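Next come two complexes built around chain A: one with chain B, the other with chain C.
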Partner chain A sequence: MIMKQLLVFVRKEWYHIWRDRRTLLILIGMPIIQIVLYGFALTNEVKNSNIAVLDAAQDASSIPLVQEIAASRYFHLLRYIHSPRDIEGVFRKGKIRMAIVIPRDFRNDLLHTNHAQVQLIADASDPNTANTLTNYAVAIINTYQSSLNVDQSLPYSIHTQLRMLYNPELKGAYNFVPGVMAMVLMLVCAMMTSISIVKEKEMGTMEVILVSPLKPFRIVIAKTIPYLLISFVNIVTILLLSVYALDVPIAGSLVLLVAESLLFTGLSLSIGILISNSTRSQQTAMFTSMMSLFLPTLIFSGFLFPVENMPVPLQVIANVVPAKWYFIIVKDVMIKGAGFEAVWKETLVLAGMMTVLLGISIRNFKIRLT
Partner chain B sequence: MRTLRFLLQKELRQMRRDPAIWRILFLMPVIQLLILPLAADYEVKNINLSVTDHDRSVYSQLLVRKVIASGYFRLTDYSPGFGTALRAVERDKADLILEIPPRWDRDLIKDGSATLFIAVNAINGVKAGLGAAYLQGIIQDYNAEVRAKWLAPARMNPQPVIEVQYSDWFNPHMNYRFFMVPGILVMLLTMIGSSFASNNIVREIELGTIEQINVSPIRKVHFILGKLIPFWLLSMLILTVGLILARVVFGIVPLGHYATIYLFAGVYLLSILGLGLLMSTYAQTQQQSMLVSFFITMIFNLMSGLYTPVESMPEWGQWIARLTPVSYFIQVMRMVVLKGSGVADIVPHILAVLGFAVVFNGWAILNYKKRRG
Partner chain C sequence: MSETVISAKALTKRFAGFTAVDAISFDVRKGEIFGFLGANGAGKTTAMRMLCGLSLPSSGEARVAGYDVYRQTELIKRNIGYMSQKFSLYEDLTVKENIEFYGGIYRLSDARIREKIRELLEQLQLGDQANSLVRSLPLGWKQKLAFSIAIVHDPAIVFLDEPTGGVDPIMRKEFWGMIYAAADRGITVFVTTHYMDEAEYCHRVSIMVDGRIEALDDPGTLIRQHGAASMDEVFLQLARKATRKE
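Entry: the complex of A and B
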């Protein structure tokens, strides 16, 4: 009997969603577009950076060096400049990231004094890119230099063998797939649920629902179920895309991953209910969700910005953001292939948060509108 | 002209009488501008290092000390074996493992070459790449020192050497905030401007007040202008607050002129508010318009070059970036603030954004219909 009543309400809610095709399309399409953008367009990897070269030597040693640099995939030789005075102007127009200056008599210095100089000027307004570009350029110059003296090797050399664990190609995908999952689930569950409940208040239809024989809290549960379904679809879409389109394998157990995702979904839904309890207009619900969910998820989950770099107060704040814990879990299970024993603590934190939030919203749920 | 004046009066009065909007409009950007730059710190530091030293010689100790002294690394532990160190990485206690094999110093002295093993947790690609590069750089330095100490000082270098000098212009202290704060300010301005503008007309539709405007002799151009101008003024005010905060809190003083920033912002806001109004003429409910504007700002956010360089994107991604007005403002803001670019340097950017403004506003005027159904 109760089940049947519940199903009727779920069906009603489903009609609401189904008839607003534009919203539904965005809800289903959002994770796809995010994954595509993050996976194929956004990368911190530096490549094709525009450079300018001031080659005052133009001799048999400097020309091959410039060719080596221009041929690498990191640099794109935009133009030659002919006077040191022009360097700043080119930077100011925002055209180049780095300028390479080769002084006059480069070959002469190299052959006769065995000591020549190259100057690299990086646009350090973006510090990391500047650092990376400088490192790449130095490496290319070093290779060029050792190609000059092949037959001799330097004595007392320390070699390094580098191994990139878990993500040998340094793909950004390993970091953002968990992040996108956290963000999308938060958005669909918490934001959409809260807006849809508040909408009934604003439109006055809540009155009709509250006088129905169904227990008030069951009504809210009924409202969340369709969104639960949509988020499940989203989880499946993201996982399929990441495995088949981005080649990010699921190293750990799929069952564990889905179970943890459902736990996080439940937590997001309870946050949504809590927000809807305390707001009256859609606009407020929207902005509250954005301020208290979306931005913290973006900032503190650790997928855009490393949490350990933040000042201590912010690190403390990060602990109350659910997405941070979910992000750790997904990263451990999906990418490192860890089992439940590695993530039980984080799971416990999420479960605890959910119990507390659900408890608060059940206690505060108002049957009367005023 | 008189009609426009009355419309402006109406909009400003409506705004003034809604205190909730003021709270959101000013509090939100202020809080975000204070918190985001602190969090959005891509500077790689405090890399947790686990050292496995099988050698335990004077030279390996010296190397480790040199690595720690660089300031980029934090020694978490000396692991007895690689397995222990790997477990530390799995538990996120360490980011990087430096393994010094047994008899390392003897190999170096007798055989003239020795190998070190580095393993990096590469899930976060940027951190891994930079961390490994720093560590290798330090090891190279150490190598050069050792070589200089052990080799008899040659009167002349036996081999040709190219010395690389590098200088970092425009941000010599490599302060990440100087790079992020101008960009974040642009992002906030865009989010607020477009979401409020997009919500505005739909709100009048949902509340029914649009009917009164539809039956009055107000022309479509006047209606759109009447919406545009108040938001434009408001956004300029928010920009001013943001610039003051950037200066007072983060000490960011533009190298170029404030006037250049305002000139560009004025044109830019016309385009972004026009986009908001355009979305508004298409939506039927507030929920829809909010979700659509949220969706579009998200794409703007990602493709604007705020977090990742635009040149690294594939060709189609760069085209999307070129079609998002935000990317131009972020570029201009960084150019003016950090490099001191003047109006002459940003003419192409201004023209591009002006084009967006004409298209979006024109489209919005065409699409706004007084008749319904």
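Entry: the complex of A and C
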């Protein structure tokens, strides 16, 4: 009987969501758009960047090096230039992002002094890309050096190795997929739950429901169930997109990943209920959710800015942002393939936050409205 | 004399340093239409919320439908209907879905809900509108539908909080026709209103001023007692005494 009462309520919620097609479309489409945006438009990952080469040496050492660089997927050798004076012109026209200059005595220096130089000139008007490109180029040059050193008793140069853990190709997707998951779940759950509860207050229907024999606790549960389902759909969408469109595999346990995501969803829902308790209009609920969730999630989750590089006070603040913990969990489980033993502490933090918030919001829900 | 369905004795609600409802006492009989009047801020809404089990009294006693307002709020909720001054149906649900929803949360059986849908659509002559969104109905019809839904579970008492706000006079008259019909079926009606002509439709009215009940009788007697021509004058005479600001 109680179940049926609950189902009647959930069905009603579903009508609201279903009839508001535009919002539904946004809710379902948001993760897709975010993945596409971050994956293809806002990425700091570099592919097929145009470069020019001024190879003054043109010898047995320089030609294979240029070939190595041109063969990599990061660079596209647009053209050879023959005079240092032409370099700036090509940059000015915006045709290339980096130029590689190999001096005339490259092989000679390498063979006789064991020390040769290569100049990398990058367009630093976009500092991030410049940085990434030169890093890639240095990595390729280093690899080339080590290949030369293979059958040498006396090495030609000091070997520097650049190794990118977990993300050897420096793919942005490894970072933003967990970030998008945190953001989408936070927004859908917290914002939509708070809006849908506040809407009933605004419309006056909340009072009517509260006069009915329906218990406040069940109203809250019934309000959140549809968003829990939508969130589940979103989790699945994001994971499918990341595996099949972005080539980010799920290294760890899928079950663990989904379970952790549902925990985070539950936490977000409690935040939504909490917000609805203290707001009276849908607009306030929306802005409160945006300001108190969207921004902190963006800034403190570690998804755009590494938390460990922040000043200490901000690092402390980051600890109360649920997305930070969820982001760590998703990265560990999904990208690094860690098991529960690696993320139990973060899981405990999330579970603790959820218990406290849910407790407060259900208590307040009663007091505020009754 | 028939049985008492609401009885309040010295019912009081205090908020921090402010007595919203000050020891009000009254009885409402079964099948009666009881008008609960008062200016804004006089304490009507607070009193009504206590009777509906939405708010606990600070002191005093009250029983609604035979149940105690302190300890048996759940039982009270099952036995009352409520219609608020804000329109209380879901605009983005159809007529039928609204009936199904409210029937469902009052735990009517599926068969009973189906029966109710048929009955209400017929009564309100909304047969061809069953599957239209409530949004598309004219305000008067919405209000009548809201009332029908407030009593869909055949409660002992229905509380109406300014049910006819913004409705035109003809619709109001029809609405009162429905209230009489409900009272005839034995449903007690507890109604607050701004319209004094409506007060005259009530069997008895109480007038609240500054948290206290200043007058309680049938409209005819009240008019005579105060030497007034209409309920409107009675109300103004009493409301003028108010010292509390809104």
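The rule we apply is simple: the second predicted complex is superposed on the first by the 254 of 370 C-alpha atoms of A that agree within 3 Å, B and C clash if a C-alpha of one lies under 4 Å from a C-alpha of the other, contacts with A are read in each partner's own complex, and residues count from 1 in each chain.
In this section, a residue touches a chain if its C-beta (ideal position, glycine included) is under 8 Å from a C-beta of that chain, and two chains touch if they have at least 3 such contacts.
All figures in this text were calculated on a predicted structure; none of them were measured in a lab.
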Now for A:P311: first (chain B), second (chain C), both, or neither, which partner does it touch? first
Return first, second, both or neither, reflecting whether A:N364 touches chain B, chain C, both chains, or no partner chain. neither
Is A:F9 touching the first partner chain B, the second partner chain C, both, or neither of them? second
Would you mind checking which one, chain B or chain C, touches more residues on chain A? B
Figure out whether A:V208 sits in contact with chain B (first) or chain C (second), or with both, or with neither. second
With both complexes overlaid on chain A, does A:N319 touch chain B (first), chain C (second), both or neither? neither
Is A:R19 touching the first partner chain B, the second partner chain C, both, or neither of them? second
Give me the intersection of chain A's contacts with chain B and its contacts with chain C, in residue numbers. 20
Flag every residue of chain B that touches chain A in the complex, lowest number first. 20, 24, 28, 32, 35-36, 38-46, 86, 89-92, 108-109, 112-130, 132-133, 135-137, 139-140, 142-143, 146-147, 150-151, 156-172, 174-176, 178-179, 199, 203, 285-288, 290-292, 294-295, 298-299, 302-303, 307-309, 311-314, 316-317, 320, 331, 334-335, 338-342, 345
Residue positions on chain A within touch of chain B in the complex are 20, 22-23, 26-27, 30, 33-34, 37-38, 40-50, 76, 88, 91-94, 97, 110-111, 113-132, 134-135, 137-138, 141-142, 144-145, 148-149, 152, 154-168, 170-172, 174-175, 195-196, 199, 282-284, 286-287, 290-291, 295, 299-300, 304-306, 308-311, 314, 328, 331, 335-336, 338, 342
What does chain A use to touch chain C in their complex? 1, 4-5, 7-9, 11-12, 15-16, 19-20, 203-205, 207-214, 369-370
Enumerate the contact residues on chain C facing chain A in the complex. 52-55, 74, 77-78, 80, 82-93, 97, 100-102, 104-107, 133, 150, 159
